[in-house]
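The two complexes that follow have chain A in common; it is paired with chain B in the first and with chain C in the second.
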Partner chain A sequence: METIITKLNEIFNVRPKILRDRQITVEVDKNRVSSMLLYLKNQMGFIHLNHISCVDWIEEGQFELVYIVWRPEDKTTVLVKTRIDRENPEMENIDTIWDQAHTYEREIREMFGIEFPGLKAPREFILEGWEGPPPMRRDFDTRKYAMETYETRPGREDAQNVREYITKRTGEKVPDFAKKYSRD
Partner chain B sequence: MSIIDLKGILVPLGALKQIAKEPHTIPYPDKTKEVSDRYRGFHYNDLELCIGCGNCSTICMNEAIDMVEVEGVEGQPGDSGLRPRVDYGRCCYCALCVDVCPTGSLNMTKDFIKVSPDPYDFLMIPGKDNPEDKDLISFTADKDTSLNLFDRVPMRELEPETRVKSFAEVFLGYTEEEARIEASRCINCGLCTENCPVHMHIPEYINAISRGDDEAAIKIIYDNNDLPEMCGKVCTRRCESICSLQVRGEAVAIRWLKRYATERAENADMIRKIVNPEIREPNGIKVGIIGAGPAGLTAGYYLTLKGYDVTIYEAKKDPGGMIMYGIPKYRLPYDSIQKQVDYMESVGVKIHFNTVVGKDITFEDIYNQHDAVFMGIGLQKGWNLGIEGDDAEGVWTAVDFLGKVNAGEPVDIGKKVVVVGGGDVSMDSSRVSRRLGAEVVQLYRRRIVDMPADDEEIEGALEEGVEIIEKAIPTRIIKDENGRLKAIEYVRAQLVKPEGGGRPRPVPIEGSETIIECDAVIAAIGQKADFSLLPKEVEEALEFVRGKIKVDDNRFTGYPKLWAGGDAVKYGKVDAISAIADGFYAAGSIDEYFGGKAPKSSKHHV
Partner chain C sequence: MSDTKDIRIITRPTKEQIEQAKIDFAPRCTSAGRVNDKETQKTVEFILNFARKHSLFLLAYGTGCGAIEIPATLTSRYDAERLGIRGAATPRQADVLMITGYLSVKTLKRVIRVYEQMQDPKYVVAFGSCTINGGMYFDSYNTIKALDRYIPVDVYIAGCMPRPEAVLKGFAKLQEMIQNGNAGNGECYRKNLDWYRANQRKVIKNWDFPDEYNW
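Take a look at the complex of A and B:
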């Protein structure tokens, strides 16, 4: 563990942190991600890419990509994290380092809308015929999308609004200025 | 190569070892596949437990859940009568609906197979259309995993030792942070509104508080309650008893949230500025109101907003009626009532204090000088104990006792007081007596759990050192030679279930007589109205039910141009919010009666 931390600090000038037992997390600039991953794979024995994950930091206008790599000898995991701009997001493609990375990248491309130029198979992944915004982004309004995209089955016209149903029973008159605080 | 291909014969035989193994395929439909314990298949809804709050329908991101009327399910307070119906063409089986169900009636099952050529078959009312799934429940949300917050933000209060030293307000009110957290627990279903006599817009103002819009909350609150700060402190809060969260947890503190919001408007001017009510052009119609209690004030306030010329006649020197003279100041401070009444006067309500109807002005005068009259006279007289010696000096009725204390008059109750009763008024009497420095014993004919008083009041009284003797019936008052109270005798009772069912009846146990020496006895066993102000022909024309005036839904008495409300009227329960409702609906009815137009004379017949 200590060696990994010292080496990464020496070469990449980063400050890795021990997350918990046999787990190290390190934040790095997006331009140095591939070189760090290559170093971890070729020099440190982290031969397995576990997963690539994405976090939407909408308040900060950023996406965070998390590359999780693993070393079989001592079962150690390193999480390489990087932040990219949320506007026109683009990230270097690493399927040249690990072939299977393209599956994760295709998924992230579809769910978060991040482009990976040079992707082996940039076609749609699981969202067939999807025309809406990337659905895993936090500003994606599921209900709005569902209402606009899918028609309502006939036979559902008898649905009642609970609040209105009770006011009808009690004779309560909710004034207009209060209605914007009613439940939809 | 040998003649017999031994290998060729033996190897296929090896396949025989599979013969005893279970196949991987399933002979459906004789057998269904075992799925994992927390599998999310079709829903199952316990229709009895469900209260139709619609939280499942609101949370569903796919708009897959409708609330619909279901045959055999009747609505009642605390149950909308609607039940969820799921469109399985839209449902994505995420189970958020289960996670937010306040009662835990909605669950998901291991059943996931349904084949039908008819697309309407996939609209299902869980629990009604799939009763067989009851035994297949898999995904549930218990109190720990549910996304609802079941625990109320506790209200800060004074320590009992500090409380008994003065009449300072016991409950300290929510801070802004506490109020926001508590308000955010509300799921805004609105079931609570049904139990409120005046049907306040509860989900709307709580939602406004949770969003940080306190001024909007105040405006919404004043829409149909003109004494909300009073209600925020002392309401009987029947709304909370049917809150959807109280099925499995603690009800939203609706009363404390109302108190929080209304206290944000610190004075009458601020209320006026925030509420900014629409006041109609004066229409010249005069309405006389007898009694400035909650009923009279409410009718007066809403009629004034509708353009009527309102005059309230009040016998006492201060407004509020029972909320001023009946409720102790540690629950409802004087300033709080005054602030709300100041606001009402600022919109044009006129109140004549120290004007006893029947003495300073006659009922006939008020009746003839006004186009309509509303009567909210309350229950002014306490019931006597009705036992031997109850005329002794030192025996009080709670109304007289609390009235004197609240008016600031000196009251001598000595060192030891016995209070009789089990309602809120008895608790007030006991706790006020403690504050006056007396030792207090309270007698109640049933058990503490049977007391009609608010649990919070009972708890408060016990904390303050009031001794409550359960199942005790007073039998006689013992006087000294001067006719002054010396002691009270009571017998213990046992509770006997009546044969026809109903509440257990206390039956005295013979020989269990006990005598308590005391300096004062306070009877808090109920009140009655005093109708002596009414002229004979009016009294004869009115209909009375058990000592109270009978009115219709509009609080109309049946006597021309006379409406009535409050405790002295037989409609709903006896509490402040019911009186407010009476005033509110009477105001609406009077306005309807005049059709919003301005007649010049008072010749109206109904």
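Take a look at the complex of A and C:
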């Protein structure tokens, strides 16, 4: 653990943090992601890419990409995080480093609309013939889209906003940004 | 084989030619089942429906969560085979199409293809509240909310998910409908194809199948 932290600090001038036992998280600039992943893979033995996930930080106008890599010897996980701009999002393609990255990148491309130039097969992934906006973005109004697109059977109009109902009953305080992007 | 009219020449794959008596299937096919007298027709219908309702070959289209109840229904605990319900291997051999939950748009495309491949008489049993009004996926961006807008449905079984008893009750209802001659919507689907197609086109934008599907 300590060697990983000092090495990454020396080479990339970043501040890795220990998340919990055998988990390290490190934030890095968008341009240095692939070199850091290559370093982790070739020099430190993190040979397995677990997942690439994406978080929509709509308040800050950014997407966060999280690359999760794993080392089999001591079962250590490193989460490499990077922020990219929400307007015309574009990210470096890493399917040359790990083949399986191709699948995750295609999924992120479809669900969040992030482009990966140089992707092996940049075609649709799960949604066939999808014409709406990328559905996993937080400003995509799922309910409105569903009501407009699909025919519904009458009789469900009295369905209440469960979230509101629960907060009222428990007296929980909802932060303003959450209210803004909640359903109603 | 004295009369040449009743003889045909057949070329075998080995180029050898053989003579064979002509077999004319057509008259037998058209004459069978053509009953003009009303009473006899009723009796024939009764017997046909009786036979149909006791041999339901099931094509379980296992979408959604409800597929997990099908093994329980078909195996020894509830033993649906005592009612004549058993699995079929392909759509062309099946009588009943069973849809066991929510359908995404992508799956709906396959279901329509399967339904159109089935032979008449064909019945559709929809299973779970997702097929009725969307269930807990009523606000999902990618699942349809009412199945009978896209293909005709004979029996809905409510529940999320329905237990095998409910499934058997649904099949009992279907059998009753078959005996009364109310079930089987293949005809209705063909007659109202425009309406169904229009609804299907509203949600399915891309009708092409990936290459590996096009057999």
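Just so it is clear, the second predicted complex is superposed on the first by the 151 of 184 C-alpha atoms of A that agree within 3 Å, B and C clash if a C-alpha of one lies under 4 Å from a C-alpha of the other, contacts with A are read in each partner's own complex, and residues count from 1 in each chain.
The working rule: a residue touches a chain if its C-beta (ideal position, glycine included) is under 8 Å from a C-beta of that chain, and two chains touch if they have at least 3 such contacts.
What you see is a predicted model; the values in this text were computed from it and never measured.
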Which partner does A:Pro135 contact after superposing on A: first (chain B), second (chain C), both, neither? second
Which superposed partner A:Tyr165 touches (first chain B, second chain C, both, neither): first
Looking at the overlay, does A:Gly45 come into contact with chain B only (first), chain C only (second), both, or neither? neither
Answer with first, second, both or neither: which of chain B and chain C does A:Ala146 touch in the superposed model? both
With the two complexes superposed on chain A, say which partner A:Gly155 touches: chain B (first), chain C (second), both, or neither. both
Where does A:Gly113 make contact in the superposed view: on chain B (first), on chain C (second), on both, or on neither? neither
With both structures fitted on chain A, tell me whether chain B or chain C touches more of chain A's residues. B
Could you say whether A:Leu127 touches chain B, chain C, both of them, or neither, answering first, second, both or neither? second
Doubly contacted chain A residues - partners chain C and chain B: 142-143, 146-147, 150, 152-153, 155-156, 159
Given the complex, residues on chain B that touch chain A span 52-54, 57-58, 60-63, 66-69, 75, 80-82, 85, 87, 89-90, 119-120, 122-123, 187-191, 193-194, 199, 201, 203-205, 207-208, 211, 213, 216, 219-220, 223
Would you mind writing out the residues of chain A in touch with chain B in their complex? 142-143, 146-147, 150, 152-153, 155-156, 158-163, 165-167, 169-172, 174-175, 177-179, 181-184
Taking the touch rule as given, give the residues of chain A at its contact with chain C in the complex, in rising order. 126-132, 135, 140, 142-143, 145-147, 149-153, 155-156, 159
Residue set of chain C touching chain A in the complex reads 105-106, 109, 132-134, 138-146, 149, 199, 202-206
